[in-house]
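Per-chain numbering from 1; labels A, B, C and D assigned in written order.
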Amino acid sequence: MKSPIPDYLDEVLEDLRSDTGGATAQYIPELAAADPDRLAAAITTTSGATYTAGDVGTEFSIQSISKPFAYAAALMDRGLEKVLSSVGVEPSGEAFNELSLEGGTHRPKNPMINAGAITTHSLLVGRGAAQASRVEHVLDLFSRLAGRTLRVDEEVCASELAEADRNLAIAHMLRTYGVLEDDPHDVVEGYTRQCSILVGVRDLSMMSATLATGGVQPVTGERVMTPEVARQVMAVMAAAGMYDAAGDWLTRVGIPAKSGVAGGMVGVLPDQVGIGTLSPRLDEHGNSRRGSEIFARLSRDMGMHLFAPGQGRLDAVTAREGEHSTVLATQGTVQFTAAAELLDLMAEVVQDAVVELDVSAVHSFTDVGRRMTLEGLRRLRLEGHAVRLHDPGSVLPQPDLGDGSLPDLV
Amino acid sequence: MKSPIPDYLDEVLEDLRSDTGGATAQYIPELAAADPDRLAAAITTTSGATYTAGDVGTEFSIQSISKPFAYAAALMDRGLEKVLSSVGVEPSGEAFNELSLEGGTHRPKNPMINAGAITTHSLLVGRGAAQASRVEHVLDLFSRLAGRTLRVDEEVCASELAEADRNLAIAHMLRTYGVLEDDPHDVVEGYTRQCSILVGVRDLSMMSATLATGGVQPVTGERVMTPEVARQVMAVMAAAGMYDAAGDWLTRVGIPAKSGVAGGMVGVLPDQVGIGTLSPRLDEHGNSRRGSEIFARLSRDMGMHLFAPGQGRLDAVTAREGEHSTVLATQGTVQFTAAAELLDLMAEVVQDAVVELDVSAVHSFTDVGRRMTLEGLRRLRLEGHAVRLHDPGSVLPQPDLGDGSLPDLV
Amino acid sequence: MKSPIPDYLDEVLEDLRSDTGGATAQYIPELAAADPDRLAAAITTTSGATYTAGDVGTEFSIQSISKPFAYAAALMDRGLEKVLSSVGVEPSGEAFNELSLEGGTHRPKNPMINAGAITTHSLLVGRGAAQASRVEHVLDLFSRLAGRTLRVDEEVCASELAEADRNLAIAHMLRTYGVLEDDPHDVVEGYTRQCSILVGVRDLSMMSATLATGGVQPVTGERVMTPEVARQVMAVMAAAGMYDAAGDWLTRVGIPAKSGVAGGMVGVLPDQVGIGTLSPRLDEHGNSRRGSEIFARLSRDMGMHLFAPGQGRLDAVTAREGEHSTVLATQGTVQFTAAAELLDLMAEVVQDAVVELDVSAVHSFTDVGRRMTLEGLRRLRLEGHAVRLHDPGSVLPQPDLGDGSLPDLV
Amino acid sequence: MKSPIPDYLDEVLEDLRSDTGGATAQYIPELAAADPDRLAAAITTTSGATYTAGDVGTEFSIQSISKPFAYAAALMDRGLEKVLSSVGVEPSGEAFNELSLEGGTHRPKNPMINAGAITTHSLLVGRGAAQASRVEHVLDLFSRLAGRTLRVDEEVCASELAEADRNLAIAHMLRTYGVLEDDPHDVVEGYTRQCSILVGVRDLSMMSATLATGGVQPVTGERVMTPEVARQVMAVMAAAGMYDAAGDWLTRVGIPAKSGVAGGMVGVLPDQVGIGTLSPRLDEHGNSRRGSEIFARLSRDMGMHLFAPGQGRLDAVTAREGEHSTVLATQGTVQFTAAAELLDLMAEVVQDAVVELDVSAVHSFTDVGRRMTLEGLRRLRLEGHAVRLHDPGSVLPQPDLGDGSLPDLV
């Protein structure tokens, strides 16, 4: 049997193929000359399965899509506190302010606008780092996120550097305020090189799926960033990823996303999927026109929405009477809600001397799920119950009950 | 055994009790006179369990917390399209604009600011509806959300009406632009009455838990709104709930929330919990100071964050060899990711003539999960497999395979 | 001989008659119904001569043209300091801010915008004054400025009150900030009545000519306001009279002006003329289209521009040898420049024992001109000269030389 | 006798000497190191008399005071239309916008802010002109305005170029929008050099007095610019010279002015005076603190205010009966108002066959005064009067009456 998902993606692309509205970015010759008919989409699940359709082999410069991933790099290099002191996390709102710097601090409002992305690039590696080392650093990170070795398109880079007045203006202004500490022209050149890294839609879906898992590349299995960094990046994409229409995108589509001027887009739903698309014709806001539409279709047809009802709800905590014991079982991922239900069941257990917790169908515990579960077992033990644990997959390792003792393993 | 969750909540409250910063709202005598030391919190899970701590019995006026729920009412009364034509969904950003109306349309930027909330109130029931019918309508809805009968505090209402110049200014301006169609003074009075509904923290956690389930009150089981309405409300809370610092709140705390000037706050995590808190002292932004801190603690300690890793991830699709058959099983809620894995397993099934799908441990299917699953079964049938379904809980009713035929039930 | 000035004005009006662009104000039925073809102009010199052309007999509501004159009334009633504490004097600039209130103080930016004009009206007479007394007060003042008894058009007033939401919004907001102290609806009604006073172009040119003279009605000779009040009003008209395009108007036309939504306009050049025009069709900024053009023509053709070269320059200080004396003569109005020249001539006088100052051709002295001239005479006397004054018109009364003595009169 | 004006200026300076508030510009070492106690003032009348007090010999860099004069140069080099297409004339208002560019056009709002001044500098000489030729051009113009040869302080220039990020940011941004056509770094260097020209207060009062006369240097007698250029420069100074507080300055002080960061200030009253001051300590808006106060004192004490009553009013038109003729006489400068009165007198002349116009006491005619006067004479001739002209000073040359004939000269 062939999976229907690629068929579905093909169908979405076919439906949109006749939409030739918008135009490629005109201000950069290399981008203006791109084939406007290219159309591609890829979805990578957090389990590492990737589904694609359309021009999967086409490479294009990553452009602004590099921003969230370079932000991840800066967070890893410099820490959240230092990065927040230089770049904010607020939506930029209507462009009253040419540069979108914050009133008092002169911080760029967020890392998804150019001022913020240039500052973010300047934070890479360390103060005064050589341009080459910063570029190499993001190239390495992006390659690990994509699961293959990427490279810079020097022709695109040169083409953009010839039209870099706006970014140079921003960089000089940032330096006026001390937000940028290194040479403006050097930083802009490094940033432009970062934007010129070549990717395909599969790379993009892999990169964003790595955010969705909380930092583990779903195919290579490498932990590329901490869960905290992935969380910060996804949250900033939600708050500020789609420029001025953050609210419209978050309500209507509900997939935190970022677009690039070469026509690419990425989107992410935590614990579910990363998405990458390509269509070089841009709408009036500079977002890929058909790319945005693919996201809207996935949201509508596939229920892919941050606030869609029934996303991964777990309600599978059960209690059954075993021989001389009460067996409590749960499954999937045990986070607060499931753990809370488990604790409620524990609180009701009174008759039996023996309580067995069966986690054989559990995929994993979140931190809080683990702590709550162990606390429940500890309290049962304190009340005089014998506590047994059935954990063939070792999803609850070192189940210390707080007093150094462990439950009996089944 | 006693559940440790209330103990945890108690501990959080105790930690914050010594923080007496901020002050009650001073511009309204009734609010200024509130006991500033009151402190309470409640969490209601989507399964309907509620955990509380502190001054649970204290009632206070709902104030701006009424905004998301009245927005839900307007969406139900007038439909998304009509509501969007009157009130936007964008964060209001820095308060350049006294009234936060959008440039061209003069729509209020979102329903969480006063301009948007007044407009939203005016949309209730229908154009030209009597003030009393609108107030009764929200009172009824809020009561169903809370699971008990609520009432208006007429003294608070009168106190606020005496200081209503700002809201009257907004209402007159909205009428100038035709955004408000009814009498400004009448609408403001109705809106103020809506804000004067009395609630406790348990009411608030119930109300927001109803959003978290996608619209079903978790205790009464009543479907109060459609999943689409709940989704829209949660998304707007995420985009615009916490005033100007939307990005800071979304990244740092990650729980879509709304505060009221009487000191209440609600928060929601879809498929997980609704939260309600009370502490009347407000910070400089007008948000409950200790209330905000409770949310920050829940986020940090409990992993309650929209983008926290491992929130409810389902990875429990399995295949096993039965007698003369391949048995594919899944569990929990089957949405896109789980269905995609199921389809991949189906695609690998070649040897056996009989394929059995075991959904006995499934809680529910999302729309897309159901459609994908049925499409997979249809394709297996087309390829000549005999298809069997084990569905004792009828979570997959009317499993039409596309040609009118049904799988064999086990 | 017939003066060519009315012919010139006729010619200007004829040239513009074919321009039917723009439209009458549509939001108020009474104004929308005005005859759009009406066209009139009047110029009143500071000497009291008035020249007119076109529909001189047509009356129309004064509307926003009432603003500078009501501002004069408020300055007289409450003093500059109190008025400045409530209403600023800065141009409103681009309409970022719906209400054009200043950041910290919430003062309206200037008295020429509605927020400022409503506040100004509320300052009339005194805090808590009855609406009728304020309206009567401006009606009386405007009548004295025009030199005839004016009246309110109650139909226009009623028509506007039915569409007063915007002004009511502003008034309620001003009250929120304590800028407005009286009842918003009452103040807006009084202000609307002020705007409904009926005038013709001759009234307008008289009213503004009274500003040009520094406060003396040029026909009745009544001093209606102090020079300081007239100065403040003209300066605010220059800074903020023509809405957003203050700089364009000041450079291109150079006549401080104010337009009204009924199609009227006034303009003033200090020491020269007051101008009134009528043409009800408004341009996209709400200014009278052909009215603005009349002003541009007067500026271009007539050199009527605040910064035009050679406006009233006086260079007519002369010294001649009389019999046994040096005679210093000056003429016109003696202000700083002329007085400085006179002092320089005095400083050169050494030979003659007797110095005679001939002011028989002087129209008047400014304060500083008088003080400088007397100081010069005093110093001459101190140096031993005999000082004589020829002042048949008594333009230099009480010429005390600082020591109680007077010069010898010729 | 010694003129009391320098005494007065000395007194003003002494009164202010104890005010040591504010500080020298700190961001540029060369300026920070200036002697903060320096204090000087100079007034030059349109007749060329200059009065000074204080540190007249101190030279300082002209800084932003160069802006209005470089604007004059650009107007002469490129014409009003071209300059207006690149730089606006509106006040910049509150600094919402980092760069004060206009919404649609991206023009800098006016030539008095840095964005406008940099653009203005780039317009000098012609597109693509060498930096040296532009600098030489303004140096030559400024020298002719001052009446002596000025020079650039290269140390100040170097000091400022080391801190030029803000101006470079602006220049790059202007180039993004095509407003700036030449190399940003080259233009900023030329502009910085323009700002580094050394002047004293006497130079400044001479330069601005040249504006006051309508373009003629009052001492050398050289016409340095046309009246139209001088008018435009003075009007823009009035609209936008004193940054954000244009209205406050225009009402309270009423002398169009411009300040420089080195502590200099210029001001101008058309047909009256040019003013130059020096005091290096700046207030919070970056204006010279004591310099501003000197202007306020001159305005208050000396009646030097654009809208002061009785500024140069001419009312000296007279008619007398001669032998067999009516003699009409006027004096000073004949502009519209005087000419209008003359025409009214002519209109009343009926008895006598002979009408004589005596302009022997007239200093000059404005264009419109000349045209109106000649039209009156023409009409008298048409009505049968004999027309005679007494014009010993030839202030009304070539008095063609419209039909080629001339009046009889007396």
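Worth pointing out:
Just so it is clear, a contact is a pair of C-beta atoms (placed from the backbone, for glycine too) under 8 Å apart; a residue touches a chain by one contact, two chains touch by 3 or more.
Please read all numbers here as calculations on a predicted model, not as lab measurements.
Most remote chain with respect to chain C, judged by CA-atom centres, is A. Per-chain CA centroids place chain A at a distance of 60 Å from chain D.
With centres set at the average Cα position, the gap from chain A to chain B is 23 Å. Centre-to-centre, using mean CA coordinates, chain A is 65 Å away from chain C. Of all residues in chain C, those touching 2 or more other chains are 96, listed in ascending order.
By the definition of touch given earlier, these chain pairs are in contact: A-B, A-D, B-C, C-D. Touching chain B in their complex are the following residues of chain C: 96-99, 101, 165-166, 168-173, 175-176, 184.
If you check the complex, the residues on chain A that touch chain B are 1-5, 45-47, 49, 51, 88-94, 96, 103, 110, 213-215, 227, 230-232, 234-236, 238-240, 244-248, 250-251, 254, 270-273, 301-316, 331-333, 335-337, 340-341, 343-344, 346-347, 349, 361, 363-364, 366-369, 372, 375-376, 379-380, 383.
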